[in-house]
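Below are two complexes that have subunit A in common, paired first with subunit B and then with subunit C.
On to the complex of A and B.
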């Protein structure tokens, strides 16, 4: 996960990052709030279509969908049994409700649809470009900086974590369920926190020495091309469609 | 010494934390244009702290700092002065924060108000000078230790400073990279103060070496190069020449 993401050359990759961010932002909200399966079905088709324009190997996508679905599996352990509603059948003397199954299905579909879209975004756009695009879109400076520095220093902090945990290992530390283990882990987390804080201070100092005044200047230029406009228009029409199906009773399907 | 040639004039500077012995103790230092001095001393003797005080990152408890003939007191004065002084940090990971080399080296020039085009031009020039041409799109955290150090130097040099403060520039580098840094430093027309534990390296790139101990610079203990230029098969292995 900490490796630099590969970027696949594709139609999606060449689109203006701002268009991608706005589209995915709106799309994710629509998908997340939707309560109808036909809307989700359409959303699923859109995300699949977008995904295929990104030219990403299916293996890469599946690798990234696993963590989300591990979380979702746990919902399947609980929701069908605990949600109130009409019992469909009983499993080990526990009643399984239709409403519970529907809710779990909905959450599964929603999270996969949104994830698929985000995978298409992150594997088609360098993360630096996303940061710069956020900056261009007048996202508050602090959020952009947070995003930017997390990206740069997560490796450094991860390396510090590896160094600490190695130094524990070479002194024969084996985690067990006892107070010594808890205390050792607490020390390690505390140490990481302090190290990160000190590093942040040093980085800030280094930046001040080079005349940092609160602004990060971007070297990349973005320009909206004709293709960008067309894609944006198509996306907006599709989103409008999603909204209409969700919130009106006009029988489109 | 004539005040006009003084780039840096520290007068009775003290710095410390309450309840412990001062890190910098009543230190005075005059540093003239075109001089190249080395600082050597045990860990914790206050060398890095001294650099941070000069840059205004730490505020001394007492004493007076003059940079380029001007008395500097608050952050505003230091912001102006920092344009002309470049500090190379000990840890390159502190200095390189941008994802790519291009952005990092251009960061300083952009802060100084240069346009994108000018910044990229300066960046190219600096990278060429350091033998790093073609490094623009490299990802900073994936560079090797030596490359990181050289790119850090590029980020500082791209601001075209008049003075360089170098904090252990050769720490942890291999001989090849050390040699490269040596060549770069001797070819620079910039005055600098250099902290190092490596006496061989110091003698080859500086004109005078001062010893720092317990927050003081021992000026009477000034070592002279003619006593020290020697090829030594053991390099840094402990050996004694001072008698």
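On to the complex of A and C.
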């Protein structure tokens, strides 16, 4: 489950990561707060266009859209029935309202549109590069460091977890609903923490020995190219358009 | 449970982000540069724990461990959970960018509250039974309050979300019990094997 993300070579992949992060950030906020379907339609077109410049296999994207849609499907079981409004038809004696269906549809579109954009970012930019870009963008240094350490230790702890759970299996441990199972898991979590802590201290000491002074140096230098500027300009114009349609009455559509 | 993108109303998203920013700022202020490896591990453990499924009857639930995190870290749980959730969004697309604030708040605030409520009972000289019971309630209540907060986030978005919110809170009940038992057993284990890990609460 914790394989490193595949990075697909594409137009999007070559863009400056800072531009991608800023664009996605603004785009997500605009889409999340939007209340109009025509704004969402434009947002959907933008995310689709960006997605296609990322050269990501459709299958991969669909796989990654599953987690979002589990909550969305869960909400579909409620919202059409519980939102007050005009009844369109009744299902099992429960009235289904038009407003409820519209709200559920809106949530579905928003979730998927924002996620599509996020998928385009994560599959075109290595996570480490995202962290370096955050550092360049003056995100507090402690957060960036924490991000790097966490990213690194996720893999360490996950491997350790696999090792421990294998050794539990060898000793014929079968998880059941009983106190013994929970205590075993608790000790396993405790052991995971202790083992990783010792390792972290060793690594930290080694880093200090090699002169780590709390500064991060990136091997890849970011530089804004002409293409980056053009993309940024196009994105800002599109976002402005989204904002205008959402908050003013100027009839653009 | 993470709330995904596009569900909540702007007011909730903004409120969550503002409060989380405040919490993270407090956490960062208390956080020493040298502690970063330790916190990094705990937030990685928090991340990996969400991949561990334990059986409950015929179904299974995944661990949350926000109580354990709060118990060890106090306010520093805020940055730890923020980073853990950001990585979950980037790697697995759980949660998202705009909901990062709300989701962090829902998990970290209960952890901090439980830390302050049960700090006394978790001290160095506390009796074993008191310690075990306090740790149980930290795990139990951290998930309980998280469930309530998630429920309220949905409910304040619109009244139509009320039934869905109730189901979400109910779904947290079995998780609460298991988290309580696990946090208690794990804290006892840590107290026996590596007491310095818990020194945050001894101060």
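FYI, the second predicted complex is superposed on the first by the 238 of 253 C-alpha atoms of A that agree within 3 Å, B and C clash if a C-alpha of one lies under 4 Å from a C-alpha of the other, contacts with A are read in each partner's own complex, and residues count from 1 in each chain.
The definition used in the following text is that a residue touches a chain if its C-beta (ideal position, glycine included) is under 8 Å from a C-beta of that chain, and two chains touch if they have at least 3 such contacts.
Quantities reported herein were computed from a predicted structural model and do not represent experimental measurements.
In the superposed model, A:217 lies in contact with subunit B only, and not with subunit C. Residue contacts after overlaying the shared chain place A:241 against neither subunit B nor subunit C.
Judged by the touch definition given at the top, the superposed model places A:128 against subunit B, while subunit C stays out of reach. Subunit A has more of its residues touched by C than by the other of subunit B and subunit C.
By the touch criterion defined above, A:156 reaches both subunit B and subunit C. Judged by the touch definition given at the top, the superposed model places A:146 against subunit C, while subunit B stays out of reach.
When the two structures are aligned on the shared chain, A:206 is found in touch with subunit B, with no touch to subunit C. By the document's definition of touching, of the two partners only subunit C reaches A:100; subunit B does not. Common to the subunit B and subunit C contact sets on subunit A are residues 127, 148-149, 151-153, 156, 203.
Residues 1-2, 5, 24-25, 28-29, 31-33, 64-65, 67-68, 71-72, 74-75, 77-79, 82-84, 100, 103, 106-115, 118-119, 122, 127, 130, 140, 142-143, 145-154, 156-158, 161, 175-177, 179, 181-183, 185-187, 189-194, 196-197, 200-201, 203-204, 214 of subunit A touch subunit C in their complex. Residues 4, 127-128, 148-149, 151-153, 155-156, 199, 202-203, 205-213, 215-217, 219 of subunit A are the ones that touch subunit B when the two sit in their complex. Of all residues in subunit C, those touching subunit A in their complex are 2-8, 10, 13, 24, 28, 31, 33-34, 36-45, 47-49, 51-52, 54-57, 63, 65, 68, 79-80, 82-84, 86-87, 89-94, 96-98, 158-164, 167, 178, 181-186, 189-190, 193-194, 197. Of all residues in subunit B, only 52, 55, 57, 79, 82-83, 85-87, 89, 91, 93-95, 97-100, 102-103, 106-108, 110-112, 116, 119-120, 139-142, 155-156, 159 touch subunit A in the complex they form.
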